[in-house]
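Accompanying notes for the structure given below.
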């Protein structure tokens, strides 16, 4: 026999409410995740005021995949109606997500798409995100240009999707990638790695890097006094924008937004669906992925405007975009 | 001849030779690797690990299975507290550093008291503390580190102001010399080695074993915080997990430097060289074009090879 | 078992430890059915030679023949296969395992990798029974860690005997045993000898050698210097062979000096102690006698603040808090502990540091040491006590037992103590060094210090003490003064108290 | 005195056997009871069939790794590479099974063989090269993680339905995951009666004495790592059963968590004493403590701090309760 998957205690599935939504985040060591969680909390508070949302249950801790499996099971046992997860793995949580959806719980994966078919992925297209900055860089260094890449963590699905897309762009544009190094999506590590690369690859024209490391990479380039000759892709984060803003006007870069607010967007979707609305399957890519449009990237053209807008947000602020409850209606079946 | 052999058996000398060898190999494969600028850069990066390894050395020397797994997070916390306080202002460096050191001292005190009074083994006491400090960082920052190093601190680390070298190297050398002198020429040093060799014999020789043990863990946290502060001078902004990953390398540096894990034998010079060896190794692997998995594997293999050179324990049949 | 060739023949044995040549062309020949003494001063290589035969030390060169057959002994397991078993000077028991599991360790009965405790118990039971007079009520399941040192030593011997060896090495196996325990061991050894086995017997107790051994090989500085028939050699002659001509220490105690009481103890209790009262004057050497394990060591440790105890202690009329060795040391109390290896020395550290550690704070300025003064202080002790060392920078582990013990003395002499507590200070120390240690003790007293000494050897108490307190069950039950102190009186006193109270205690109390 | 011999009979009575198992120490037992009661009181859904099955399924990987770690620790070693071994064996298993039910046994064999191979590397490095276990296994963890990345460059691959299905099965209403945890306990009860484990224990207690007592010290150390590697291989499968897919980074926290579990389970890190049963209890206590902290609804920014404090308290309690070496 199989252990029965009765619906969880309070998950009645009706459009009645009030509902309980669980959030599982398996990594708290970054400002990005902090902003993601506080975006979700902000979005939740209006539903709570309306009495539609009874409780927002947060599972938010540094842990490995096994720990996150436990997080999700804790949420299931707590009887939530929907789960929003920023998964530590693109595939290894499939089983537990399946357990959740089997019990009638809605599951949304943000920031990192998962393969479980019953889960709705909400997020930007990582490949498109990477291609945007890669194309910009290829244009800057031109055909025959030589670059290095500072990646996140090899083997991490987002990293592979991003670097894969960037590689295609570079190949097509005739840009040569001399080598790659992992910066672990960590500014200090990125800075160290870039320092090593600068010393040993003196001939490079540019660096392609991802968010979470670009500030470190740029600092290494500045420390070597080569910010005038080496083109660096950037990130849409205040720390980087500030340094960018301090440079002379002929220093160019690009920052493509990877919004932490997808979590809040997913919350709006979740609330709508809990209240009986259905997702418009025709808009789903690969059957379960809702691709959010990229914001206009930050470039020298709009830097001043963007910077004056976000300057007050603090150094760790990540440029954001959150769809509102009304905005998400576009993804739902309208009756 | 025998003197040469004796010198070659000294772990510090071996480690130093290995560092030179790695730089030479790097220089042959990628000419820029052995350039003075790159060497200075690697030393700069090694200094963070090296300063943290000071405390780790003291704790390992203190014996009783001494080890401090919390140094990485304590370094991060120190960096966060200092940089949030100084907030990019030179005038606030001193309060920032003092605050960081004060909190670090309390953490070290907690480690030491847990080990001495509650008799929790150091490995797990400091492992638990790793979690506590990680939690403390979240409470203090609310998940956003938001700190900025003061310009003077940045130029100390990133500038080349002292004889064309970064000031942090001078700081590191001074700290290293002071610690070496403290270990060799002070009552504290003698007592530290004594308790590291045999807690019981030391106690029966009138050594205040508990006090010295607790001091070792306090010092460990203090140097960890200093290392973290140096690191925020390098990265300029502070991040939630800035120095977290330096814990196990700091232990590796101590062991590569020839300090006995059982305690009582060794010194800081070896750990400093060990920190340099590890940094050079990582840098070398970065610049050699190979798949990341191969880098990770090679890193492990080389570490084992390094340890096998002289980090071996006694034979049972001598 | 009758062979024309000797059962054991070792020759050309060389072994070097770093800078120390432990064995230099040593040799030994012993026949079956013989108890063969292996004699020599501390550090002469007795243990090393034994370990070469037992497979636990790898010699640099050696020729070994058993019953005429040349053999290579690569490990203790190889030695065991050849019928060689050893009882080492350092115990080789695993404290976390039970007595039974220790006894069968390495040769556990069982099938297909699974153990049979039942079979093990069957094998062990006769041995426990045989050893009971010396071991007391010790069972298969008792943890070795809970046994008294003497009992552990007996278990160790039992472990070797269970292998039914044809060559048995006993390396100071009797050093921590009391008289009756020794008697049992001797009985067993004689049985083995009857069965044709060879027993290599190492001891610093001359009377044991003369009582038990048939022949003896004498080592000096790693070289075999003589082989002799023991019954045909006088004890003096043996001592002369071992250490050359040493001046025997004359019994030298005068009247109890008068003057104020320096150390006054009232109602000291805790652990094995049940209310000890004691007065000792400056210049007086007070011995602690009685059966072993009646609280002698505990008394010294308690006076030093090293174990928890309650009661009143005064030094020169001032009360002393029994808080820690540190407080005791600051009041001029010093302790030379019983276990030199784990309590007395810092093995990996240089001789200089070992000498300096207890008095280090007094020579420092604001915590900073002057290496010149440290060296001078250490050197003064090396000279004063005639400690034989290579260099002050050598680790103390490179010294022989006697010299290491002198370092422990030196460490405390540097604190200029007024009360000196000695716990079995000549255990495992050779005849020559012993005599020097007695002189040191005497000169301490002459300089006005109070010395309290515990000894496992009655003769030692007779030789050095002005007064002996006989302890039983944690309290002083009798006092012998001056000429009353003889070995006979000491034994009588110890036993009579025991009988008077509750019958003869067998061996030691399981503390 | 003749009583000595007759009383030397082995511990064969049932009571003695139970006592022989020695559930670590009273502290561990007490903590376990407190944790279970608190978790159930705070989270009644834990007692639903899904709650029980999923909770035990969650325990299983850490329980297995804790047992593996306990064996190494009892043998006087330490294994910081346990997590990496779990990751490597799980990705090797995923790649060999390719999602096909028929290849399940091949996958199991591959996972265990990988674990054994890793254990062999650790064991040889520690026993033959005589490297300090802590730092040697830190280094070997790097090797195993790198290889995991080579075997499965990016997360993916499907796990055969039989394997994931097993976790949801129940036999006579007892969830499979519970039975598996019980099986681990029974497995240990068998293992502890073997010569090799006696020798591992002796070696951990005092290597020099064991060597002199004819214990094959090197082989025992090697065996402790190999055995532990094999169990980590099984943990790799348990992880797959939970995950349903492969991931080269899967075992991140397992190594340090297993050390904590071992200590909470009353096993001294110096070796020679304790029982993996304690480690199993330790693993369950730690896993439940995170459930408990979740259920009492602490603000999230404080939860990490609270978790750290709880771990230290648990360690302190176990350290007080654990048997201590006599001075």
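The letters A, B, C and D name the chains in turn, as written, and every chain counts its residues from 1.
Definition applied: a residue touches a chain if its C-beta (ideal position, glycine included) is under 8 Å from a C-beta of that chain, and two chains touch if they have at least 3 such contacts.
Chain-to-protein mapping (UniProt): B = ABC transporter permease; C = Sugar ABC transporter ATP-binding protein; D = Autoinducer 2 import system permease protein LsrD.
Remember, predicted model here, so these are calculated numbers, not experimental data.
For the pairs B-C and B-D, the larger set of C-beta contacts lies at B-D.
For the pair chain B (ABC transporter permease) and chain C, the distance between C-alpha centroids works out to 43 Å.
Each chain gets one centre point, the mean of its Cα atoms, and the points for chain A and chain C are 71 Å apart. Centre-to-centre separation of chain B (ABC transporter permease) and chain D, using mean CA positions: 31 Å.
Annotation: 35 Å between the Cα-based centres of chain A and chain D. Residue numbers of chain D whose C-beta contacts span two or more other chains: 149, 153, 208, 211, 303-304, 307.
Multi-chain contact residues of chain C, defined as those touching 2 or more other chains: 56.
For chain B (ABC transporter permease), residues touching at least two other chains, in rising order: 134, 138, 142-143, 200, 291-293, 295, 316-317. Listed by label, the pairs of touching chains are A-B, A-D, B-C, B-D, C-D.
By the touch criterion given at the top, residues 26, 30-33, 35, 37-38, 41-42, 45, 134, 138, 142-148, 158, 231, 234-237, 239-245, 282-283, 286-287, 289, 291-293, 295 of chain B (ABC transporter permease) touch chain A in their complex.
Residues 1-12, 193-196, 198, 201-202, 205-206, 208-216, 272-273, 325-326 of chain D touch chain C in their complex. Touching chain B (ABC transporter permease) in their complex are the following residues of chain C: 17, 55-58, 75, 304, 306, 324-326, 328-330, 335, 337, 342-349, 353, 356-358, 360-361, 364, 367-369, 371, 411, 415. Residues of chain B (ABC transporter permease) touching chain C in their complex: 185-188, 190-191, 193-194, 197-198, 200-208, 260, 264-265, 316-318. Chain contact summary for the complex, chain A toward chain D: residues 1-6, 8-9, 28, 37, 58-67, 69-71, 73-74, 76-79, 88-96, 98-99, 103, 115-116, 153-157, 160.
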